[in-house]
Every structure is written in C-alpha cells, then in structure tokens.
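Take a look at the structures listed below.
Both complexes below contain chain A, partnered by chain B and then by chain C.
The block that comes next holds the complex of A and B.
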C-alpha cells in the first residue's frame, strides 16, 4: 500500500494532477477566511477587474474573487462526498451480486438495471422537488442517480475474481462469505476502487455544476454552479462581463483536468502494459570471424553467436546468450529448456517477431545464404512465412476468432501476392485435407473446433506457402497425450512428404528425444549441450541435461526408481545447483 | 474391520447446458465409486473433460453432487450436512489446487495464508501462532521460515508457491488431501520435489491423498493405486503396477501407448479408431472410439468386472472374452 502511494508520487501525471487538486483543496479549506463575504454587495454591478476587486464584480455588485474562492468549498465537498458514496454503494452492491450469484445476483442486477435506464437528470429534478433544500439534497440526488453504473463495473470484476482459485482455496480453508468478500476480493480491487472514486468525483462535480446552472440546486448558496447560474441570470454574456464566469469556469476545468490526470496515472501504474517500454540504448554489434563465415552447403539455417537482450527498468537483461546451432534441410531440431531459458525467444527471433522491448544485440541468423538479421522491413515481410513459418502454443489465440478458416488462409496467401479468393479457398481445402481435417471446415469458425483440430489448422496455415523451416513453439503442450501423439504422427508424415525442416521448442525433454534428430538443451539463455537424440538418451554429458532427464518420471519398469544419488542431492541442495537451475529467471 | 478413510459410492453430477429454459443436461460424473485408505496415494488419471476436476471440486464440497454418498470414516457426510460443508469437514478434507499462481491471494503474505486456517480451525492460539506458521513452512522445506512468512506470493518461484499451498492444506491437520494436478504448472526440475513432499506426507502423517493427474508417468512414480476416468466413469482401477504394466481396458491401453517414451514412440500406431459417431446414451462412452467395440458396447453400459484382486475393469470384452489381444501395447 505505502509502496504504491510512493510510486504514485513519482509518476509525473500523478504529481501534476495531485498538485492542482491539492491547491484547490487548500483553497477550499482556508480560502473563505481570507476573502470578503461573497454575498455582500460591495461595489457597483458589472465592474471589470480593478485593484479593489481583482476579479471584478458580479451583476449584483458582489466580489467575483470571493464568490469563486468560497464556491470551491461546497462544490468540492459535495463532489468528494458523492464520489465516495457512489463508489462504496456501487462496490458493495456489485461485489455482493457478483460473488453470491444466483437469486441475490438476479435481484440486485435487476435493481441496478432499473436504475440504469432511468435517465439521471429527470430523476434528479423529481427528487430535488421532494427533498429539503441544501447540500445534502444534492449529495442524495447525485448518489441515487449515479451508483448503478458503478455496481455494474464492480459486479463484472467480482465475477472474474470469484472463479479464481484463491477464492475456492479460502472456501476450502473454511472462511466465511463475508470475510471472503472483505479480505480476499476487495483488497484485489484496490486500484479499481481508487480509479472509480476519482472518476465518480469527476462525475459528481460535473453533474452538480450542471444541475445548479439550470437552477435546480440551492440558488441561495455560493457554489461554482450557482455562480454560473447567477452569471447567466444577470446577462453576463449580453453585457460582455466575461470576468463574472471565466474564473469559475477555469476552476471547474482545472479540477476536472487534475482528476483526469490522476485517474489516468492510476491506470498506467496498475497496468504496466500501458507504460512505454524503457528506451533501449543502441548497441554496435561486434562481428567476429565466426559470424562472418559463409554458410556451409547442406545447412539450411545457421544461428551464430546469437544474443538477445530485453530492455528493463534496470538496464538490458540478456535472455539469449551466445547461442549457435545449425539445422539441415528436412531435419527435426529440438530446443529444450525450462521457463525463462530463452527457448521461445530464440524461436521468435528467427522470424524477427520479437516484442518491442527485445532486440538482437549480437550475432547473425543465416538462412539459405540470406542474413535474416540484416533484412529490411519489405524483405522481412517476403521472408516470413514463405521461408520460415511458425506454429504457436495457443492455437485459439493464434487464430482470429471472427474470421472463418477459409478467410484466414486467404489472408495469409493474399499477403504474399497469391491468388484470388476462389484459388485461396481451393488451396485451403487441400491444406485442411493434408492435416487430416475435413475440407468442409473451410467455412467453420475457430470456436467450433477442438484444441487438437485448431492446432492442425495452425500447422496447415504454417505450411500454406511451403516454407523450408517451420518453428513449432510448444504446439502440443495444451493438448492431451492421445491428441498430442496423433498430431505429431501427422506432422512427421507431412515432413517426410514435403521435406521441410522443423525447429521444435518444448520443455518436455522425453518428447523431444522421441521426435528429434538432434536436441539442444538451454539453461538460462545458454546452450549447454547439443547432441543427437540417441547419444543424449544413452548418456548426456552435461549435469543439467542429466538432471532434466531424471526429473521426468518414466513409465517403463526399470527407471521408476529414485534418481541417482548425486542428482537427487543436486535437486535438493539449497545453494549452488539450485541457483544454477533458476538461472533462467534472472 | 474399521471403515475406510474415504468411501465414495455412486457419485454423479450433471450440469444444465444451453439457456435457462433448456432442459438438456450434460453428465460430468456418472456413478463414481472408490475408497481411499489412510497413508495411501490414489492417482486419478484421465484426459481433459473426463471429469477429474469436477470430482475434485465435489469431494472438496465446492460443488454439490446430484446423487451418491460420501463417507468419511464411515459417516455419510452429504446426508449429515445438507447445507454445504461444515467447518469440521473442512478440517478433515483439504485441497491443493493446480495453479499455484492463482491459488494464493496476491495481496496477502505467505504468513497470512497459513495463519488463517490455523486460527479458523483452532489449531493454534494467538500466542503460538508464529511458531506454528514457522513449523509449517519448515515441514515443507521453506527455510528460513521467518523470511518466507513475510514474503508475498509474487516473490516466490512456482515450486515454492506450491509448497506454500501444500503447507496451507497441512495447517488444519487433515485426513485427506485432494491434489488437483499439483505439478502440471511447474517446471520439470521442481516437479519432483513437490511429488516427493506429497509422498513423504502420506508416510509420515498417514494422510490419504487423491492425486489427480493426466500424466501416467507421475502416477506410476507416486501412487499406490490408479483409477482411470473416461467421460465421468471409472473405466479401470487397481494397483499401480498392475494397471500400468498390464492395462485391461482399451482406453487405458490407448493412454499408455500415447506416453512419449523411447525412440520408436511415434512409429507405434495408436490403438484407437477415429470417432464413429456420438456417445451412445445407454452404452459404453468409449465405444465410438474403441477398436474392439461391438453391438453390445453401444447398447448397454458395461458392468464393473473384477478381474483380479482389487483390479476393476468396466468393459464388456473383459467380462466375456477375458484378455483382449492387442499387439500395439505389447511394448
């Protein structure tokens, strides 16, 4: 909590917005004692600014400065009170409805919806006619008119949090419902509560000024809204007395501005994705003799001394460290490693599909004689997919949910200058049949397919332009074992027929050893061992490869025993090897 | 003979599909029965959609079953507590969730996560609370305990978080722990330590563990008995070594042959047909995919057949012909 407030203060938007708001808060608190009585008729009406009346006088001869300063107090007090009440009522009703669900949700949601369809302004007019006059009436009117939208927002948030495992875990622990709402759900909504409060205050100030300007407030009190009401009543515009309404207008605009800045600052701080990535210092790559060497014949892809850095707030962090390997045409090359080992980063790097914060800081990627690292944007577009394509881990997010499969094939083919829609659809049918799906699925949408079928579509898409290399990033991790085996068998069959090479990336070393010709093992961004599958299976040399192999329990009879003693020790030893294992995360 | 620790008979659950006026229901669990003894690890194996997690949630009393009984130490808990689980039940049956990144509340410290069950179930007083929390952390190998207790979940690795989740389940000193794929979200090098922790617990404290997994190899490594679930029914169960080395149900064989192992893993064909139609409403759920299915399999649900001591198979072919010849599994 303290930490997040400290971060808020360091944020520029928050600092500017906060200072403006603080100025008005102080003004509202102490200002009224410093200026004259705003209701006193102190001078002649419609006087422009002068030394006696710095902001001039109103149409009735009151001091505009005094009216502006005094008006701040009630306007802001009502604004913050309504902001707080609307947030609390909305959060309480929304979270209760969202968490308890069923009947309670039905009843509360119905009430909320009824309030949402009642237009706010007429409701305020009707309520205003019945309630006794005064600032409390304004608070009541605005709260009743404004809570419903908030309840919707908080209900949605509670619905998404309710299904999180930590809520189920708290239930299993035996916690009561009230405590789950108060201690498990609400603290997770702190940022939503904060930004809602600010947004609601903004709404309250605007709505209050609007109602009062229309004369629906208490015209006897001094607020920014009544100032504008009297300015309009006294024909300020007709008499060109701009000084009567401009100070109040500027104050309202500034308060609105500061609240908007604060709300946007909270958004940015709680959602790091909105933040611009830290600036990356340009690095001059060092070209060594090994990198400059021309590609040997019979090698499809050479990765040479590749380094990839991520820009972080604490400077660049090396994710891929001096990695070199070759892939021959038609070969299945496996990359194994744990999370954070850099295996997926290498895969994305080959297609130059790295996120903006990552960059290739050293090394070269040679593909069939072309230097991929040196391609410009146009050449890169032509290179991707026609030479090297990719199958992603999550097929659902790799396919566009609002396009039929045929359209997605057409998009891919058309982007590379192929063919009409009819020709694309014909090719799509052919490709779908090739991966063992019915060609009729060309008119299906992604949500109509099972996970295994989607991943087959992903493979068909990757093969659409007959690339020479397909990068597969954990293509079967989300699938059941039976579906996984069917998919892999189909993939290898196609490889035999079409002759493409595969870079297969996964954490599952036993699987890699079963399907690859050669396997590279990554640890903390470094390639620690590269060898053929047979040799790795017979006896891996690097201790980390041995540890990975022994970590997978086996199904066959003889190796279900405990791991060899030195590895068992290594797995449990607290210091050196454990640190080495986690190297990838640093 | 004393009653088993946990005895489940005929547990079933279905949910309504379609809109709120729809009458159609989908069966998630179809008459599941099993027993769990003290100090035993029972592995529940099946693919996604087989009803594994539904069963876990029903046993943890997060969802209510439509029918069946659940006896804990001989007492019928569903009949005794119609309004949902009592605190007493929560104190005896605990659950470890699949995703340690989701099952710990990001706003609370590790210490808070362990204090709550200790206080709620009266397993500690305010005075010895700190000592108990530290002892729990030490029992799952998180030392120095003082430092871990003060940390927030995001300051821990996946394996450490899952240890905290296990410690939270242990805090109430339960008799049964339901572990729902506790290692599937973890890196391979940390998987083994969590598995060893679970096995140590059953031995040291006599806790019965229902270990839910999709990974036959983990089941073999850890469990005393295995139960295979397909479309909400138990199709085979028995001692781990027997079920996995000589599977008798065609579905268990299919699972067995899909485990990636050995150089010729991909050359061996899968003993399965491409699905030939919808699941028959009264027959065996596996019939459309089963290479050996005949008319009987589509017409009636096979009964449970006990082939050897404690080895149960739900298959028509098993009951009549005995062992089915299946070359694909001989490896």
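The block that comes next holds the complex of A and C.
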C-alpha cells in the first residue's frame, strides 16, 4: 500500500494532477476568508476586470473573483461527498452481488443494468424536482443517478476475487459472509476503491454543475454551478461579459483535468501495457569477420553472433547473447530451453517481429544469401511468410477472431501478389484438406474450431506460400497429448512431402530429440550445446542439457498396469513419433 | 436470435422500471407535490376540469394499485397529460417536436464524435508517442474536462457574438417557412453547427482515449504479430486487424455512455435556445411543469433504450463470437 502510494507520487501525471487538486482544496478551505463577501453588491454590473475587481463584476454587481473562490468550497464538498457515497454504495451492491451469486446476483445485476441504461440527467431532474431544496438534495439525487456503473465494476472484481485462495481459506475457518466481505474482499480492492473514488468525484462535480446550471440547485448559494446559472440568466453573453463565466469554467475544467490525470496515472501503474515502453538507445552494430563471411553452399539459414536486447527502466537487458547456428534445406532444427531462455525471441527475431522494446543489437541473419537484418520495410514484408513463415504457440489467440478462415488465407495470398479471391479460396480449401480438415471450414470463424483444429489451420496458413523455412514456436504445448501427437505426425508427413525446413522451438527436450535432426540447447540467452539428436541422446556433454533431459519423467512399460491410450495410437505412428511418446510426459 | 430476444427482454424490463419510477417518485416525495402541482393549474382550469385532470394523471383517491393501472393505461395510449407551461397543449405534442430536434442534433454530433474520436485513437496508438498521441490526446482530454454547456457558451461567445459567423439561437430562422427546401435545410445546418461542434469537442477526447487504449492492447496480441508475420501491408494490419478488433469494446462502451452524452447535449441545447428536449426540460424545471418533466424523462429514457438496442445489434453484426451465442 505505502509502496504503491510512493510509486504514484513519482509518476509525472499523478504529480501534476495531485498538485492542481491540492491547490483547489486549499483554495476551498482558506479562500473564502481571503476574499470579499461574494453576495455583496460591490460595484456596477458587468464591469470588466480592473484593479478593484480583478475578475470584474457579475450582472448584478458582485465580485467575480470572490464568487469563483467561494464557489469552490461547496462544489468540492458536494463533489467529494457524492464521490465517496457513490463508491461505497456501488462497492457494497457490486460486492454483495458478485460474492453471493445466484438469485441475489441476478436481482442486483438486473437492477444495476437497468439503472445503467436510464439516462442520469432526466432521472436526477425528476427526483430533484420533488425533493426539498438544499445541498443534501444534490447529494441524494446524484448518488441515486450515479451508483450503477460502480456497482458493475465492483461486481466483476468480486467475481474474480471470490475464487482466490484467501477467500476459500476464510470460508474454511467458518467466518460469516458479512465478515468475509468486509474483512477479506474490500481491503483487497483498495486500489479499485481509490480509482473509483476519483472517477466518481469527477462525475459528481460535472453532474452537480450541470444540475445547478439548470436551476435545480439552491440558486441562493454560491457554487460554480450557480455562478454559471446566474451568468446565463444575467445575459453574460449578450453583454459580451466573458469574465463572468470564463473563470468558473476554467476552474471546473482544471479540477476535472486533475482528476482525469490521477485516474489515468493509476491506470498506467496497474496496467503496465498502457505505459510507453522505455526508449531504445541507438547502438552502432560492429560487423565482425565471422558475420561478414558469405553463406556456405547448402545452408539455408545462418544466424551469426545474434544478440537481442530489451530496453528496460534500468537500461538494456540482453536476452539473446551471441547465438550462432545454421539450418540446411529440409532440416528439422530444434531449439530447447526453459521459459525466459530467449528461444522464442530468436524465432521472432528471424522474421524481425520483435516487440517495440526489443531490438537486434548485434549479429546477422542470412537467409538464402539475403541479409535479413538489412532488409528495408518493403523488402522485409515481401520476405516474411514467402520465405519464412511461423506457427504460433496458440492459434487460439493468433487467428483474427472477426475474419473467416478464407479471408485470412486470402489476405495473406493477396499481400504477396497472388490470386483473386476465388483463387485464394480454392487454395485455402486445398491447404485445409492437406492438414486433414474439411475444406468447408473455409467459411468458418476461428471460435467455431477446437484448439487442435485451430493449430492445424495455423500450419495450413504457414504453408500457404510454400516457404523454405517454418518456425514453430511451441506449436503443441497448449494441446492435450493425443491431439499433440496427431499434429506432430501430420507436420512431419507434410515436411517429407513439401521439403521445407523447420525451426522447432520448445521446452520439451525429449520431444525435440525425437523429431529433430539437430538440437541446440539455450540457457540464459546463450547457446550452450548444439549437436545431432543421436549424439545428444547417447550422451550430452553440457551439464545443463543433462539436467533438462532428466527433468522429464520417462514412461516405461513397468510404470503402468495397462498402456496409456497414446501408446496404442503410437503403434501406427512413424518411428520418430513413437520415440517421442517413449520420452513423452504426462 | 436468442441473444437479441434476451436483450429485447432486458430493455422491456428497463422500460417498465423507468415507467414505474416515474409513477413512484411523485408519490414518495415528502409533502404533497401532487397537490402542489395541481394547485398550479388552479385558476387556469375550470374546477370540474380539475377532477378530470387529476384522473388523467392517475392522482385519485383510488387505491395505489388502481392508480398504477390507470397510469399505465394512459401511457399505452400515448397520453402523458397536459403541459402547464404550454397549457393547454398535450405533453405528448410538446415533446414530439422537441424530440425530433434533439435526435437530429445529438444523434449527428454523437456519431460524428465517436467516428472521428475512434479514428484519431487508431492513429494515436499506431504512431505511439507521435504528436497525435502526446499533444492532441492530452489537449482533447483537457477540453473534455469542461462542462459541455460551458464549451457551448464559449463557442457561442466567440463565433456567434464575437465573429458573427453563426446564428445565436434556435434551430432555424423564423422568417423561413419549415419545409423540404434547400434554403431551409441549409439554414438548419447553419444553426446546428455550433451546438453540434461543442458537443463533438467535449466528447471527442473520451472516445479517442478509449480507442487508443484498447488499440494499444490489441497491438501487443498474437493476432497482430501473425498479421505482421504474414507480410500484410501496414494499412491492412492497422485497420483490418488492429482497429477492427479494438473497435468492439468501444462500441459496447459507446452504448453505455449514450445516456451520459445525451444528458450533456441537453444542457448544450439550453445555451443555444435550441428547441429540443433539453430546452423543454429547463422550461419544465423553471415553471415547475411536472407533467412535462415526467413526460420528458420517459421519452428520453425510451429513446436511450432504443439506441442501446441499436448498438447491441451493431455489436452482433461486428462480432461473430456474439453471433455464435445468438
């Protein structure tokens, strides 16, 4: 808690917003004692700013400066009171609904949603018109008209917290529901309560000013809203008296802006994705003799002394460190390593698909004689997919959810200058059939397919332009074992038929040893061992490779009374897959 | 279809809830506002007509549930009672013309603002840290902090009173006969420019920021990485992949913000004496014209519910996943 407040103070937006807000709070507290009585008729009406009246006079001859300063007090007091009340009411209703669930939730959610669609201002007007005048009326009306949004937000939060361990623990110890809501749930929503309070105060100030402008406030009191009400009633525009309405409006906007800054600062602190990535410092790459050497014949891809850095708050961090390897046409090259070892970064680096914070800082990637690291934007676009394509770990999230499969094949083919829509669809059908899917799926949307089917679509898409190399980044990790094996089998068959090379990336070293010709082992961004699968199986030299190999349990016939179903399946599988199953994991 | 029916059911419940609120609020209020309301008609209405008037509003000595049914029956026939401020016009007639102006003005302004705001948000996220992102976005956010009606006052002061570019009030010049002529249409547009522009300026920043943030999140997804990997042209990645996916949550929040935006635009109408429902609202408040006030509440609420339903259908059309559950 203290730490998050300290981080908030260091945030630039929060500092600016906080200072503005603090200024107005102090103004509201002490200001009224420093200026003259705002209701006194102190001069001639509609007087422009002068030394006697710095902000001029109103249409009735009152001092505009005094009215603006004094108006801050009630406006902010009502604003914060309503902000607090709306937050509490919303949190209570939302948390109750989210935590109790079922019928209570149904009833409360329906009420919340109904209040959410009923427009606030007309409701506030009807309510306000029937209640006796005064600041309490304003608080009541604004709370009734504004609680719903908050209840919805808190309900969602309570739903997600309900399933956490500490709530379950409290239930087991037999605490009452009311106590769990008050002692376990609400304290865990501190940051949400804070940001909601800011948002609700913003709403309260705006709505209050609007209602008072309509004449629904107490027109005898001095607030920012009534100032504008009188400005409009006393014909400030007609008499060209801009000074009557401009100061109050600017104050309202400054308070509103400060609250917006604070809430956006909280958003950025809790959701780092919104924050701008740290700037990447320019580096001049040094081309070493090894990098400059032309590619040897019979080599498809040469990665030479590749280094990839991520920009962080504390300077660049090297995630791929001086990695070199070659891949021959038609070869299956495996890249193994734990998560965070840099293996996926290398895969994305080959297509220069690194996120904005990452960059290739050293080294070269040569593909079929072209220097990929030196391609300009247009050449890079032409190179991607036609030469090297990629199968993502989760086609579930990689396919575009709002386009049919056919459209996603078509835009790929069209981007590389191939084919009309009719021809694209024909090719898409052919590719779908090739990976063992019904060609009719060309008109399906991604969400209509199972995980395994989507991954097959991912492979079909990767082969659309008949690339020479396919990067497969953990293509089977998200699938269950049976589907995994089928997919691998299909992939290896296609490779035999079409002759593309594969860079297969996974943490599963035994699997790699079963399907790859050669395997590289990554540790902390460094390639610690590269060798053929046979030799690695026979005896890995590097201790880390041995550790990786031993961390996967080996199934043997003695382990189970009857063979698991995937072994039965493996009887028909080609040799490498069978090996994979023996080294497989559960 | 199932989805649409469920939404329709929800809006019917919401409509019923607002009808009931409208019935309950005057009866729960402290004091006897109903009598106060009818007291305002005294002297303008014959004593025998007074009873008819009470009956028309359902304020009789009958038990509450009977009053409620009378009230619902009147509503179903479109009878909202008599306006005090516009006596002896019927509330439904008074609101009818106002609603057309409001729907025209607020509808156009809100759609323009949403479309332009989203487009700016797309460009701001795409060129992250560019001038649109670092200068224009905060500037619009600052403008969005002003009350709508205050921006309207400033616009009227500068471009109406000051420069004289635009008319000062009303929806059309009174020396023109309303009709389907080009002169009349041009006159209506000229009158609508300032109020619409102040609504657009006040709301643009919100849409822009919302779209920018969802767009930034979308840009980091595997869907976008795959689009780049496929070598698609940048325009296509930006619109067909990023913006198209980022748009969905924004359309949903567009629906939810409609009521709020409409409230703001009602206040804008007042500044321009624009003859829409907002202007009627202030007349109702100042004259304590309860029948008109309540009628306006109902009509505005129903309009917002209908607009929300339209937004739901738009979502359905935009998102195949929702369609699947439909």
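The rule we apply is simple: the second predicted complex is superposed on the first by the 517 of 586 C-alpha atoms of A that agree within 3 Å, B and C clash if a C-alpha of one lies under 4 Å from a C-alpha of the other, contacts with A are read in each partner's own complex, and residues count from 1 in each chain.
We adopt the following convention: a contact is a pair of C-beta atoms (placed from the backbone, for glycine too) under 8 Å apart; a residue touches a chain by one contact, two chains touch by 3 or more.
Since we're looking at a predicted model, the values are computed, not measured.
When the shared chain is aligned, chain B comes close enough to touch A:174, but chain C does not.
Judged by the touch definition given at the top, the superposed model places A:338 against chain B, while chain C stays out of reach. Using the contact criterion defined above for the overlaid structures, shared-chain residue A:510 touches chain B, although it does not reach chain C. Once chain A of one complex is fitted onto chain A of the other, the partner contacts of A:381 are limited to chain C, with no touch recorded for chain B. Using the contact criterion defined above for the overlaid structures, shared-chain residue A:484 touches chain B, although it does not reach chain C. Applying the stated contact rule after C-alpha superposition, one finds that A:26 touches neither chain B nor chain C. Counted by residues of chain A touched, the larger count belongs to C, out of chain B and chain C. Residues of chain C that touch chain A in their complex: 10-11, 13-14, 17-18, 21-22, 25-26, 29-31, 33, 128-129, 141-142, 144-147, 149-150, 153-154, 156-157, 160-162, 213, 216-217, 220-223, 225-233, 236, 240-241, 244-245, 248, 256, 258-260, 262-264, 266-267, 270-271, 281-282, 284-286, 288, 290, 293-294, 296-297, 300-301, 304-305, 308, 318-321, 324. Interface residues of chain A facing chain C in the complex, by the touch rule stated above, are 110, 113-114, 116-123, 125-127, 129-132, 149, 206-207, 209-210, 213-216, 228, 231-232, 236-238, 240, 242, 245-246, 249, 252-257, 260, 273-274, 276, 348, 351, 353, 355-356, 380-386, 389-390, 392-394, 397-403, 411-412, 415-416, 445, 447-448, 461. Within the complex formed with chain A, the residues of chain B that make contact are 47-48, 57, 60, 62, 87, 90-91, 94-95, 97-99, 102-108, 116-117, 120-121, 157, 165, 168, 172, 187-189, 191-193, 195, 214-218, 220-222, 244-245, 254-263, 265-266, 270, 272. Across the complex, chain B is touched by residues 164-166, 168-175, 183-184, 187-188, 190, 338-339, 480-486, 488-489, 492, 507-511, 513-515, 533-534, 537, 547-548, 551-557, 560, 563, 571-572, 581-582, 585 of chain A.
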